[in-house]
Structure formats: structure tokens, C-alpha cells
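Here is the structure we will look at, set down as C-alpha cells.
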């Protein structure tokens, strides 16, 4: 059959453009990583990891930011996980198709789309000022917990939906109560999905600087936080601080900080993949 | 007021059958809805003790809904509503003073598709006794063995109790579900098309088991397989579009049905 | 039976307590929304007690931190719109091309390889993109456009667009994927080429889903903070010139937060007034997007 319209050429052109788009997207990723490694590689050493910020770029380190980020994440997880899983259980296992569930659902979808900086304003007013927690680790963690809560709830609901309803029926038919069914049968099966989703939610929180800066986390901390109410800093804030300075020495520090931040994220994501794969093996033998 | 009448086993209205054993369930004017859709219409029948009662009918006729009323597991379905009376050993089943959970302790259930928990064989059987705190430790071990023996599964699994239940074959999984249901020592066992997902050999084993179990338990089985109903049951009810068309001794229903629709169904003219 | 009954009663009380506890967890998400709205309203009302609303809306200067104070939101809105428009101009074509390619053309193996990579792209912290915009993209662009300032709207806009590509691509692809196979087959049966099917059948059929993803992308760009705070500058300027420093709404909030503005002052109130503007615009976009997605789902469910 003769090629009546030049559709073949147009199609090839389109494919080329689409491939170009992919190359641009993935090229960005590569450029980003290579750029950070080239700029910051020279600063990456033990001294950088164990030193506190300093006026002299070559003496500055990220100890307080790294430790701050770890503390912050542990606290955020401790607040957001139980509440997020509880909310998801309530929506999936208790209210069902009730109008209240619909209201909460739309509300959560909207909360997930609220800019993170708005959570910072909420944290500033609610935790820092009204509850009098100050610009502390605890106030930061609570702010972050509110930020990741919608993501944890959405991920948990998805995990709960993968548990077949026949398992629930089997348990109810033996006279188990709702909670016994959830605790003994549903949660263990959904746990890997919940953990994977929650780790990914937390890894999003790790990279967030805006809400912490807005609620007033400090950018220069030369000590490790020793209590829940101690002031703190975190990796993205420290990086932001260094990027914002004019001296190239600090820019190298920022790049090195970025490498550390990405390494932390890589570890978290690897953990999520590991949990998911282990769980799949167990479920399908 | 129904209670006193029914306990004397001398009801005027419902289609009663001549049998000598006392009734376990007396159902009177039962109607069920999912939302606005009515699935059971004015069903009345009596389920005798230590016998096998079969409910047959084309798919979608409401037979699953009917037996799912008997352990109140339908309560869990949003939008489900029922009216009428179900008496379990003389007591109203939806008496607010009765916890539906305790009903399920007395009335066990086995489902269409084998649904073992994705845990070990032992854990599957031990789950019921554990949540009811019936037995502990050594006594629980003995109890698990006893339940597995009742379900004719012990010899096949005694060396691999720690293995995941999903490694068993379909027929073994269904017998495990029966063992799991028996482990809480119920009086009644409801079986919702227990063989529809099984091959003929596994089906034969389950039917054999049912005949054995009726020595000690009251069994109610829903099936769309008429031969199965004819083979195992003592009483049979024919349900069509939510209505109980006929209920009586199995032999009579299959040989000399009293209703033309029953006859049409058992001779394979529809369904 | 009696022991079982007692046991069940004990359990029923526990059940009640647990279900109330879980309901509280669910209610917390509503409280969060109420909290956000309440905080923004209270502080914004305090702001409007000192600054009339018409001046906030019509003044073209924003200088609350200077001696000669002006409170016109216009420069911040202009900065936000400028960077967001550039971002969408980058993300829309690239994201849609990627989505069409992945949904209609790519082999399964390519899809499996590319999707996680896009996810990684979406998972990179924004502060990293900020660094990239300021110290990699801006110098690169300055070679092409000599008059480009060190801080400008163009570079962060482009980088923000690159960051949003995965979001546009994956949401749009989901929408195209949901288009029934029968529609495609009908078009093929009429002798259409693959590209014609993609552009004339699949894309129009998935239109509301694609539009929903774009609205979400716009909302994301408006709310994005760190990239613009790092690379766009902190000079509120009522301009649409992408080559000069500007300030977005989010960057202004960061700027004030970094300083030591005492709480309760007018400067402190300004970040909530700006936050309210930001919240309302993203909320409208999100709701509209949600509505479109619902409509799309109803169409094909």
C-alpha cells in the first residue's frame, strides 16, 4: 500500500521529540548529581561530617545538621505513623462509605496539595507561639508530622485495600471483633505496604526546608540538640544557608551537604525497596 | 411471642417438615435488603438439629444472603437491612442483649473460596481459641490436633504444622478452614458453596466429611450443585429470586416436588 | 456461653475505646485544615486592620520591610506568576510528550526502566534544585543571554519545570492509560496511524484527566519555595521581565522568617496575609483539579 500521507515521517518526528523530552528529564537528573559530586566531592571527608558550622568554609561541617535531621525524622515518624495509620484504619475499616469518610477523604486530598510553606506558618503560630514550644526540635517534628500525615494516610489506605476481604470475613466468622481482626490479620498483611509508603513519605520530609525555616528553625547551630525543646537545624536548612552565601567556599560545602542529603535519601529508599521485596517473598512464598 | 410458639415447635404458618429432631434455627418472615434492593422475601423455615440442611437455587437467588443472616455476618455489609425473626435455640438472634460475636462462637462458617489466613497451619486453627481464650499451651496443642482430626486433615499435615497454610492444596485448604471453624466448638456450621472452587476428588472428601460431622453438628449448606444437595442433605430448601419456593425432606423434594418451579429447576430447565 | 458472654462484653468496651481513638486520628486531619484556615484568617484580619484591602490589592509596590512601607501584593504575585508560567511552559510540553510516549509508544521494558527514574527526579529535594538553578543553570544561561542577572526568574522557572515533569507525566499517563482499549481499536479499525490515535483519540478522551494534572502542576509551582528563594532573588518587582531578580510569595515568607521579626508586629502579619493569598490560590486550583479528576473517573468507571 502506498504511503498516501507523510504520517510515517511525522510519527518518527514525534517519537524523536518524545525521546528528546525523556533525555532532557533524565539528563537533568544526571547533570544534577554530577554537578553536586564535582563541586562537593573535595569537601567530603570525616572532618566535614563531624564538624559544626563555622565562619571559615574549610572548617565548617554538617554534624549538627545531620544529627538534627535524624532526630527530626525519628520524632516525626513517632508522631505521624500511629496517627496516620489510625486515621487510615478508621476510614477503611470503620466508616466505610459514610459521608463523613467522604469529607475526610476530600480534606486529605486537599491537605496533600497545600504548599509545605503553609504548614510552616501553621507550625509557627500553633506550636511555636500558642503552645509555647519555641523554635525547638519538638515544634519542628510536629510541623513535619502534620505535613507528612496526608501522605501516610493515603499510603496506608492503599496498603489496607490490598488485604483481601475474605481474610476479614474468615476472622469475623470465628467471632473475632473488628479490632482483633485488624490487629491479628489485617495489619500484619498490610504492614509492608504501610512501612514502604511511610518511609517514602518521611524521605520527602527529609528534603523539606521551607516549613522548618518558616516555623523558625535556626540556620547556625554549633551544638547537638540535647532535649526535645532544644533549638536545632537540619540538612536542607544548612545547605540553603551555605548556598545563600556569596563565598565559593561555602558553595562547595553546600554541594557536599547535598551529597550527604542524597545519600541519606538513597539509604531510605533502598530500605523501602528492601521491605517491599521481603514482604512479597513472604506473601507469595 | 413468636419465641414461645416456636419453641413448642408447633407453628401454623411456616412450611414445617415432619422430623423428630428439635429445631436449631426457626426463621419466620425473613426479609433482607442491600440498600433498596430486596434479596430475601418472606422466608420462613426451620432448621433441625444434627442434620444437613441444603439450600439450593440459581445464582443470585439469595441463598448466600440467607445463611449469612444466621451468624449475623451480613451486619458487616454497609447498607444491609433485615426484618422478620430468626430464633436460635429459642432466642431472637438480633436481641440487642446478645453480642453478635458470641453468636459466631456458636455458629461457625466456611466460605465459597478457601480463605486460610496466610499464616502457619497451626496458627490458623489456634486463632479462634486464642481470641476467645479457650485454651492455652499444651491444651491448645491438643485442641488443634483434635480439630484437625475432626476435619480429616491431621494425618496429612501433622508433620508440617508450622508450614504456611497457602502451601496446601485447595481441598486441604478448605478442610483446614473447616478445622478452623470447628476449633471454637460451635454447634452449627454454615457452609457457603464450600466445594465450588474444588475438583471432584477434593469435593468427594469434603462431602464424606460433612456426613461424618452431622453426628455432632448441625450443618447448613448452600450449593448450586443439585447432585451435591441430593447426596449429602436430609432437608432441602429451594430458593428462587429471594422466595422460598419449597422446603422439605431432600428425597421428597427431588422425587416428587410440590411446586412446578422446583420441578423445572431440578430437571435443569433453568438456572 | 456465660463465660464467652462476659468475655465478649469486656471486649466490646475495649472496641468502643479503640474506635473512638481511631476516629480522633481521622478527625485530626480535619483539625489540621481548620487550624491552617484559622491561623491564616486571624493573622490576615490583624493585617487588614492596619492596611486597607484595596491597597493590598491595587498598590504596585511591596516594601513592608523598608521605612517607606507599601503593601501591594501585585509584585509578589507577578514574581510568582512569572516563575510558574516559565515552569509550566517547560513542564507541559515535556511532561505530555513523555506521557504520550510512555502510554502509547514505549515498550514495557522501557516503561519499567523510565518510571522509577522519573520518580527519583521527583524525589530530589527542592533545595538541591535551588543549588542547581543558581550555580549551574544560571551561569550556563548567562553565556547565552549576557544581560541575565545572577538572580532571575528564568533559571529557577526552568528548573522548577524540570522538577514538575515527572508529576505531569505520571498523572497524565494514568489518565491516558484509563482510556478504554475499545476506543483505540475503533480508531485503528478506521485505518488511523498510531500517532493519530494518540493525538486525536486518546488525548481528547483523557482531556479532563490531563487538565487535572496540569492544574495540580501549576498549584505545585505556585507553592514551590526553595528553588525561587535561592535562585530568583529577593526583590519584589512588578515586572514580567524574566532576566531580572524578582521575589515570589513563598520567597518573601522565607525572607521574613530568616530575619528576626518579632511576633505580633505588622511585618509578622504580612507573611500570613501573603500565606493566605498563596493558600487560596493553590486551594482553588486543587479543588478544580480534584473536580476534573472525579469527572474523568465517572466518565470511564
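Think of it as A, B and C in the order they're written, each chain with its own count starting at 1.
Note that in this section a residue touches a chain if its C-beta (ideal position, glycine included) is under 8 Å from a C-beta of that chain, and two chains touch if they have at least 3 such contacts.
Computed from a prediction, not measured in an experiment: that's the story for all the values here.
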- Message: Quick check: more C-beta contact pairs at A-B or at A-C?
- Response: A-C
- Message: If I average the C-alpha coordinates per chain and also across every protein chain shown, which chain's average lies closest to the global one?
- Response: A
- Query: Using mean CA coordinates as chain centres, what's the chain B-chain C distance in Å?
  - Reply: 55
- Once you find the CA centre of chain A and the CA centre of chain B, what distance in Å lies between them? 49
- Note on the structure: Between chain A and chain C, the Cα-mean centres are separated in Å by 16
- Query: In chain A, which residues are in touch with two or more of the other chains?
  - Reply: 177, 180
- Item | Interface hub residues of chain C, defined as touching at least two other chains | 11-12
- For chain B, jot down the residues that touch at least 2 other chains. 101-102, 105, 132
- Can you list the chain C residues touching chain A in their complex? 11-12, 14-15, 18-19, 21-30, 32-33, 35-36, 39-40, 42-43, 93-95, 97-98, 100-101, 105, 114, 117-118, 120-121, 123-132, 134-136, 162, 165-166, 169, 193-196, 216, 219-220, 222-226, 229-230, 250, 253-254, 257-258, 263, 271-272, 275, 278-279, 282-283, 285-287, 289-290
- Query: Which chain B residues qualify as touching chain C in the complex?
  - Reply: 99, 101-102, 105-106, 132-133
- Which residues of chain C touch chain B in their complex? 1, 4-5, 7-9, 11-12
- Complex contact set, residues of chain B against chain A: 71, 73, 76, 78, 101-105, 108-109, 111, 113, 115-118, 127-128, 131-132, 164, 166-167, 177, 180-181, 184
- Query: Tell me, which parts of chain A touch chain B in their complex?
  - Reply: 96-98, 164, 166-167, 169-177, 180, 184-185, 189, 283, 285
